[in-house]
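Handing you a structure now.
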Amino acid sequence: MLLQCLNISYRYPQGDALVFRDLNCRLADPGFHGLFGPSGVGKSTLARIMAGEISGFTGEIKRRDRAGILYSCNTERLPGWSSVGDHLTKVTPAANLPLLRELITAFDLGSCVDSRFSQLSLGQKNRANLTRYLLQDFDLLIMDESLANVDEATRKQIIVTIKQIFPDRYFLYISHSVAEVATFCARILVLRDIHKSPQLIEVAGRDHHGDAVPDRPALERAMLEIVHAA
Amino acid sequence: RQRGGEPAAELNYRLKWLYNINTAGDLYAQEHGFFTSRGLKVTVKPGGPERDAIRELELGRAQFGVASADQVIRALAKGAPIVVIAQLFQQNPLQWIYRSAGACYASPRQLRGKTVGITFGGNDETIMRALLAKYRIAPDEVNLFSVRYDYTPFYRGEVDLWPIYRNAEGIVIAEKMAKAGEQTGFFVPDLFAVRFVANSLITTRSMLEENPGVVRSFRDALLSAWQEAMAPANAARTIALVHAYDQGTPAEIIAKQLDATRQLMLPENGRLGRIDVAAWQQTEKIMLEQGVIDSPVAVEKALLPDGL
Amino acid sequence: MLHKRLSQFLIIYFLGLGLLLAVKYCFGLSDYVIPGFTDMQNTAQAVAAGYLRAVLDTLGVAVIGHVLAIALATVVAIVGRPDNLLGTMIKTAAYNLQAYPIVAVAPIIFILLGDGLPSRLLIAAIICYFPLLLSFIGILGEPVAGIEHFYVVTGRMRWQLEVKIRAFENIHKLITVVTGSATLAMVGTIVAEFIGADSGIGYSLRIALYQSDIAKVLVALFLIGVFNSLYLVALELLGLAVRKRMGVEQRTQQ
Amino acid sequence: MLHKRLSQFLIIYFLGLGLLLAVKYCFGLSDYVIPGFTDMQNTAQAVAAGYLRAVLDTLGVAVIGHVLAIALATVVAIVGRPDNLLGTMIKTAAYNLQAYPIVAVAPIIFILLGDGLPSRLLIAAIICYFPLLLSFIGILGEPVAGIEHFYVVTGRMRWQLEVKIRAFENIHKLITVVTGSATLAMVGTIVAEFIGADSGIGYSLRIALYQSDIAKVLVALFLIGVFNSLYLVALELLGLAVRKRMGVEQRTQQ
Amino acid sequence: MLLQCLNISYRYPQGDALVFRDLNCRLADPGFHGLFGPSGVGKSTLARIMAGEISGFTGEIKRRDRAGILYSCNTERLPGWSSVGDHLTKVTPAANLPLLRELITAFDLGSCVDSRFSQLSLGQKNRANLTRYLLQDFDLLIMDESLANVDEATRKQIIVTIKQIFPDRYFLYISHSVAEVATFCARILVLRDIHKSPQLIEVAGRDHHGDAVPDRPALERAMLEIVHAA
């Protein structure tokens, strides 16, 4: 068990409504976990609570000892003073440099390494940002819509690559694509309206690894289950 | 904008400097009704480094003012329509202070090899250079030191003579040093026949022509006030009055300043307010020789000793 | 906040004083170069009341001058924003005005305006306005593309809105600069009094300097520092209130 | 750019001059109050060469003072950035230093440093650094969350990086402030010369003022304006080069 | 015909490679048009060229006389000094105020109108921004990933609402969801790698209006066609 949220309740200091009431969830095993739910339901908030970036909630977060939890999202930027490639190299521990090269290829970033971040397209920005997080030392990486502006084919390729390279790490993947979370995640945390109880339901996904052709009916069942839960 | 104005009109009187001992008579005149008793309504305004009474006269913001002789001559050289109606200081208060422990300057020749503070561009430069020229001391035989308003180089002995207003700061500094056990003396250019006139009372030519009566009353009022203010019998009143306006200076100091001022304004058998035409002419000559003005201005034409 | 600012100032002040006294005693300088401690105490007692009144007087003028300077800088930065002829001319004039030391310009100001309060206020405002202007021009001249785009393409952009958007986006920086420039308003007023007034702490300072009375200068500096701190605190509180009213988030939560 | 700046300055200057002359002829003032045109011409011819040398002298000191001030402001803003005791103390000291009019502080500086070049440089730098400091504190104190997050959470954030990120994000504003403060470096040097030096245009100005010679003052102001414009242009070109090298986009394309 | 791009070639001033070479496309009829293609292929660039926000290209853009073209994207922000509701009301022509109310309901923004923009979730930001563009006077509205961070259900509802309310307007919808463009767009402009010729291919979509159940096989064919084109 890497992380467990117990009876979390939270209200933003400037907000007037609760975002969570007595929410419980846990990340028990390594792999790809989905966090799914309608826009505005509190996914980003929950993710940042897990990462320790928001405090002031009630309830308890239990983390495994010395768990390295990173939160990344799609609005981050790289500094502008040198090229994307330079920045990536600079933040990569020496041991991971081969991995960096591998990721650049897998994420189709080859044409971007010589550009400044501000010269990239949205999807390229997403990928460059995600890349640097993957090269760090972490136990759990939260990807908050980290690939929101990337096309589906590339997104699929990226997810499959990540699952291959990091089989022992935890990922919490926030996305609005039901098909995607159903296909690639082992477990999906479906976050629902605060008036529903429990506020969070766990659904099983297909945990696809990109090797075989997915089992279509099973996938559709999983998708339906997710949509119904939400 | 009034220039001259009606007799009963308000008159502005712009002093040369801040309220201090040098304005004793002016304050006295205002406080003890010397103006009102002559039917004059006068507002006395203090001067300062950025105040120039001559400009104010021309701009019509003041009708009377105090200016030093070099200012008057410079202004005349530029065509300013002003006249001098009284000369306040008979001896120039701008002198040099020195430590008397090691030195006494019986003759300017003793300045050779000394470091003398001067304000470049100021009166003291003109006076000192005239003195050096007169005694045939080449400028490189003394070290001229550019002074600022802080006295540290003098205190620390880097400069031997420091220019100072004898009756104002001069007293304060001498007092301070006396407290620390250091004796001081003053080097007086007038004693060596370099007579450079200082503060005098001025008005505009048009004021004089249109309201000669007002000008006369004003001058008389002011000179009588000075006379009374300087009278030893009135010392206590004068000191109290000056202290009221110049609270930064302790009364004991003002008392000493008053004594010094009296000597500068009323030397032995002198007459208060007397315009010393020869001294004015010498002042003009010095300024001409020092290149401060380009051509003669015939300053005597702007002096009105008794022409009122 | 008040407590913090004041105690900080006191520490700094007494550190400086300690340094001066150390210099005095190390080099054996006499009392007229650097006054001794008892001398300072006596002077302080003698002039405190008068100087206090003077400082309050100065503070009053400084506040008005500060407001003036903020208004002036805002107007110049707004008018100088567009890259047209008028804009650049005004900016040039505003910059060049500052290129002249006030001591050189003051006589001309006095010729044109006389020597009443207007001249003093103008001098105070001039000294304080330039740093404001620099920041204001920097801030108001830089587009906030993410917000402005909509208003530009829908033809809704007016200069007021543009100014509002840019000011609001940089509200923390603006408040820092406005608060910080309070100090300059004080200095501006003091310099104006030093040059041409007959009241206020600047005037007292000038007299103290002519009398070569470092003890008095130090007392004056002390009072200036205290009231400057007070003014800063007042402005900081105002800044907080403004931010709160505008609903700007705290920095750490951005 | 050079051409533009210079011609702008000339227009402003001669507008000002025209105003003065208008006042002169309307009120029939003598050459002493406001010099006539021929008087100015003669004065200009007489002093031009000497004043030119003096201005160049001043410009040299101003450039060094400016660099010093930028360094000083950078250091203070960086050190004063964190909200710990040392940081706030240094900020307080930096603010309070500015609360004192330089005329009051100068004697103390001269006591401590003597009256050579160091004192003049220090005074120039002090006058010029405060506006820089205000902007620098505003800019370096405000997090750029979108960029900094990664470095903070991965434990990579060092103060150098933080400063670099914030400076780079605000490079346009920084360049505006640095360029604009060139003017203040000039003024600072002039004031220092005015107070305590015996060369430079500030010294010439002081003499002209002692001599009540407005014509000379105007000639000096003219030369100061011209060289100030030149310095500004040089800095603007430098700013362009910096932006280009850093690959910063032009504003309009952001 | 609202707009036609003829032989457009473009290279960014700071970029070294061409983004388009002799690209041609047109928007002939009102309705929902898709713009689809892999991340970094040039969708945003083309959209901004159409909207007149990028110049310096070669070739020609023919616009219908006085055509009002608006470009909106998901990185825009509303000012922070008043609530989202106030800002929306302020930029809405009086005649459109009822429409504003309608959109707020349809876009599920009811809970956001009293918040500041910075307090919204990503998807809420997307929706608030899109809303204000829809209330303007336009002939063509380009939506560059305007709904990228909104959940699929809400996105669908939004698209259907837009199609209902504005049947006569042109929309250019940029999205990375094949299913979505295939379902809702009448025509899809598929932008491809610059080395492929032609660089842009037009594919027919299902132009679904949300009324009937979509014809599944036809949709899948359309999706396949799009994916193959790209």
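Every chain is named by a letter (A, B, C, D and E) in the order it is written, and numbering of its residues begins at 1.
As a convention for this text, a residue touches a chain if its C-beta (ideal position, glycine included) is under 8 Å from a C-beta of that chain, and two chains touch if they have at least 3 such contacts.
What you are looking at is a predicted structure, and each value in this text was computed from that prediction instead of being measured.
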Per Cα centroids, the chain farthest from chain E: B
Greatest separation from chain A - chain, by CA centre: B
Pair of chains joined by the greatest number of C-beta pairs in contact: C-D
Euclidean distance of C-alpha centroids - chain B vs chain E, Å: 84
Rounded Å distance between chain B and chain C, as computed from the means of their C-alpha atoms: 36
Chain C and chain D: spacing of chain centres that average the CA atoms, whole Å: 16
Chain B, residues touching no fewer than two other chains: 52, 55, 59, 149-150, 152
Residue numbers of chain D (touch at least two other chains): 33, 107, 111, 209, 247, 249, 254
Multi-partner residues of chain A (each touching 2 or more other chains): 14, 75, 116
In the complex with chain A, residue positions of chain D that touch it: 146-147, 149-150, 153-154, 156, 164-165, 168-169, 246-249, 254
In the complex, chain A residues that touch chain E: 12, 14-15, 17, 37-40, 42-44, 74-75, 108, 111-112, 115-116, 119-124, 126-127, 145, 148-155, 176-179, 227, 230
Chain E residues touching chain C - in the complex, by the definition given at the top: 51, 53, 70-72, 75-81, 91, 116, 118, 129, 132-133, 136
Complex contacts: residues of chain B adjacent to chain C: 18-19, 45-46, 48-52, 55, 59, 61, 149-152, 155-156, 168-169, 172-173, 176-177, 179-180, 182, 246-249
Touching residues on chain D, where the partner in the complex is chain B: 27, 29-33, 35, 39, 106-107, 110-111, 115, 195-198, 203, 206-213
